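In what follows, a single structure is set out as structure tokens and then discussed.
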Amino acid sequence: MPDSEVLHAEHRLEYPYSRSVGPVIGAFLTGLREGQLFGAMGSDGTVIVPPTEYDPQTAEDIGELVEVGPGGVVESWAWVPAPRPKQPLDRPFAWALIRLDGAGTSMLHVVDSGGPDRLTTGDRVVVRFRPPDVRIGSMADIECFVPEVRDGAEVREGLR
Amino acid sequence: MSSPENPPSGSAPRRRPVRPVSIASFAQARNVRQDDHHNEVEMLMPVIAEAFGSISITKDDVDFICSGSTDYLIGGPFSFVMALDAVGVWPPRAESHVEMDAAWALYEAWVLLQEGAADAALVYGFGRSSLGDLNEILALQLDPYYLAPLWPDPVSLAALQARALIDAGRATEADFAAIAARSRKDALSNPNAQVAKDVVASTLMEEAYVVSPLRRHALPPITDGAAAIVLAAGEKAHQWSDDPVWITGFDHRIETHSLGARDLTVSPSTSTAAARAGLFEAPVDVAEIHAPYAHQELIVKEALALGDSVVINPSGGALAANPIMSAGLIRVGEAAARIASGEAHRAVAHATSGPCLQQNLVCVMEGA
Amino acid sequence: MAERCAVIGVGQTHHKAKREDVSIAGLVREAAAMAVADAELGWPDIDAVVIGKAPDMFEGNMMPELYLAPALGAVGKPMIRVHTAGSVGGSTAIVAAHLVASGIHKRVLTVAYEKQSDSDAMWALSVPQPFAAPLLAGAGGYFAPHIRAYMRRSGAPDHIGRMVAVKDRQNALRNPFAHLHLPDISMEMVEESMMLWDPLRYLEACPSSDGAAAMVLAAEDAVSGRFPPAWVHGLAMRSEPTMFAGRDQVNPRAGRDCSADVYSQAGITDPRSQLDVAEVYVPFSWYEPMWLENLGFCELGEGWKLTEAGATAFEGDIPWNTSGGVLSSNPIGASGMLRFLEVAMQVRGQAGEHQVDGARLALGQAYGGGSQFFSMWVVGADRP
Amino acid sequence: MADEPGGPSTVTEDRGPVTTLATPIRLDFNFTPGVAQSRFLMGLADGKFMGQRCSVCSKVYVPSRGSCPTDGVPTIEDVELANVGTITTYCVVNVPFAGQSIEIPYICAQVLLDGANLSFMGLIQEVPTDQIRMGMRVEAVWVDREELSPSLASVRYFRPNGEADADYETFKEYL
């Protein structure tokens, strides 16, 4: 049967999910809103960032929260030349796994380095929060991470 | 060749199947970028008909049915319910469904046949990845609090894994291109493949990055497709084939979710599943690896301890066609087909789910 | 060939319209941790995890087993995600039981849940698809015409549905985990509640709940736990198409075939006299008399008479849904597993205030889709 | 908030801990109902009900989704069906819900078109809700010719056509 005899239509699936987050995720998100980064102690003392509710390997309850960052090390990264509309930045950026100072695991977020030639695994980066008045307690409260040292000068982005 | 004397870490006690189960038949749709002509039922019907017809049986000859699919490809709930109309489950049948790649549906059916709760099973998987934006859809597989709200696309996550592999000195971008070139070339002899071409790696290396360090060739195509396998135990296996392809080991394992809590350059869950499935007890001739991204083939190959003499992905693998929800099942079918044709005596198939090889399945098969 | 399989641990959440205190992982963990503790085990003792829930769109989390693996102690283990519509809680337990019965694993954790307050369940079920008929009836509107067909066929009087609505809510008062606790429930209260889908009133329909259920299943040589095991005497699943010519939606053949299979395995020839208690998926009051007939507890057309005579009441000869049932708690994906779990609690003697004295053999049933997917098991205090 | 002072810890007061997270999800799809349903829908655009007959069991499905649900084979023979049918069962909708476009209360019925072997749900109008009956004979009322489209919206509703009720025995197997 020729294609013209089959109908097509646009279909939009849209829900405004509102999630209760529980105490652990809630504490981390509250920290983001206040411009702080927290991790949690896992079974073997590893600090997990962002804090999962249960140890990622042993499933045991996680321990107390500890503050980490605001700087960290890029463990891996992937350069995005053409960001997608829903992604954190509208200019080319890097997704990165960042091990924050004091953390034993790395966290996924984006790095705004200006170009793929200005980022290398092992680079130090520092968090850049959105302005306090627009932070609501979500991962998007972090605008991005930026290289800690650029053009020889320390960039003080870790301010809350 | 695998190295039974030196299995990878994570090996667990082997469990031998108690009841022989065979891959009695395998069929798949021609994999295409977009089938905008048929609904799921219309896509599945000829595939199921071929799976039955090739061994001259009907739906009345199977006593269990299991499928794998996801509602998110079509954008509506209960897509598997309508798909059941492609089988004709009347009179009523014992039937189940996993919201996973149909390789796991095959596992569920195999469990029932092992137990003796069923003697023959139809397993199928289907999905049209072309309907929506797969890069957004698959982001919904991620932690809904910390990850999904950032909408990381699967290509970017795979690129993080590829970079880690390069940084560890275990691969180069040229290795990815070589794998893609081999896949495209092998796919020329696979009539169901979507991406097939006689091309050399150096040409592929001229492509631009989609997300560095991954170029276009290191990514899977977007594929609409479906596949079906008939499993048979005991007498039926012999009735339906002169030389049954037996499943000699079957296992699957999952890893933790947080990418930052995993070593992305290794696949311990694959190794554990392989050990449990008895892979390391003897060499294999062929491996069908479900590696949607070129670099993942290297990680899985190492986890399966495959030597250089093992033929990997003679079908072209997931780089040649990646129909979500049946690509894993197709690996089992393709590996079984190599045994049935006499090209291989012992083969291994692998399927994966989740970001960066989070969950992995291993099925070992042998000829008579 | 099959190995014996038993329930050695059970757990469930406090079901509520909105569990605002927990994440999705927190919700499933609450039930799973209780089940593992009830079995007197730790996470490392579990060999595999089987999880089930209804559509992923309820929570907007695709293939949630990936995210939930660490919360359920599944890392390094096999994990399977089942989805068979409303029957999924039962089907999930059945898949887990097969993992034990086949001899593949010794101890399997099975979990089912729904956190539908993250979205709006009724809304998520009625995503308008292009070219589809305009939304006419809503969720209950699918079932109300079949209820009317049952009333026409059986000649059942109007008050039967109200009796079930009252009975199950009274039972729920004995169950601390139930979502609805309505101490003043009465026939008048049901009759005065809003008519939603005539003939179905508001209090004759199930609530929408957040909740989770979990069980640990074990092989005979791995039995442990605070209570004696509930042995699986039979289990079965049956499916039939959603719509076909001559389909009987009041008394679906898939349900009849499924019960015949499970009874045959369990050696049951007269379910009403042999079974001590049953937990049956009754989301709308009238489904009790309909399923009484479908499950062979009586002759066709007689189901409503059992209800009317009080046979299914707490003090009756064959109590149905002493937990309060789906009419009192409905975390969709978990609702089927709760039926399976509640009968295990009964034969283990751990059901507390809703314990039926001397319960030794019990039926759990779940159904889903357009009354087309069925899953059932029979569990007993005695080793089969 | 322009005059909010900068620096650390400026917004700790007046806001309790974060307990919920809004994560809106919007996805767009290109949907196709497939070959068989397209034929049914294009029939609606033409003001008629097009069904399909199974070559194995001879049952007529409307709408067909491409297969016979009991035989699992493609339905390929088109059958034009009558504009009239029988109400097999029904309910009266008294509850408002999202997406609803009709004023409550109204009747929702399973309509078995003459010549078809499967009923489908339709809106019934031009009859008071307390006078609806199982077995009532009804006819489709279509939108104006120029408003016909490949959608069930082309059928405004069904209404009693004045014929005597169908005998229960004639439709009881479709309940």
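As written, the chain order gives the labels A, B, C and D, with residue 1 at the start of each chain.
The rule is simple: contacts are C-beta pairs under 8 Å (C-beta built on N, C-alpha and C of every residue); 3 or more make two chains touch, one makes a residue touch a chain.
For clarity, every value in this text was computed on a predicted model and none was experimentally measured.
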item: Mutual neighbours - chains that touch chain A and chain B alike; value: C, D
item: From chain A, the most remote chain by mean C-alpha position; value: D
item: Distance between chain centroids, defined by C-alpha means - chain A, chain D (Å); value: 44
item: Chain C and chain D, separation of their C-alpha mean positions in angstrom; value: 28
item: Gap in Å, rounded to a whole number, between the CA centres of chain C and chain A; value: 40
item: Centre-to-centre distance between chain D and chain B (centres being mean Cα positions), rounded to whole Å; value: 37
item: Chain C residues counted as touching two or more neighbouring chains; value: 20, 23-24, 57, 59-60, 70, 74-75, 123-124, 127, 129-131, 241-242, 244
item: Residues within chain B bordering two or more other chains; value: 36-37, 72, 75-76, 82, 84-85, 88-90, 136-137, 140, 144-145, 148-149, 256-258
item: Shared-contact residues (touching 2 or more other chains) in chain A; value: 1, 6-11, 13, 15, 17-21, 25, 29, 52, 56-57, 138
item: Topology of the chain contact graph, where touching chains are joined (line, ring, star, complete, other); value: complete
item: Chain C contact footprint on chain B (complex, rising order); value: 10, 15, 18-19, 65, 70-72, 75-78, 80-82, 84-85, 88-100, 104, 107-108, 111-112, 114-117, 137-138, 140-145, 148, 251-258, 268-269, 272, 353-355, 358-359
item: Touch list for chain A against partner chain B, complex; value: 1, 3, 6, 8, 11, 13, 17, 19, 21, 25, 28-29, 48-50, 52, 56-57, 75-81, 84, 86-88, 95-97, 99, 105-110, 116, 121, 138-140
item: Parts of chain D lying in touch with chain A, wherever the complex brings them together; value: 1, 4, 6-12, 15, 17-35, 37-39, 41-42, 150
item: Partner chain C, residues of chain D touching it in the complex; value: 19-20, 23, 25, 31, 33, 37, 41, 57, 59-61, 68-70, 88-95, 97-102, 105, 108-110, 117-118, 120-123, 129, 134, 150-153, 168, 172-175
item: Of chain C, residues touching chain A in the complex; value: 18-26, 29, 43, 57, 59-60, 70-75, 117-119, 123-124, 127, 129-131
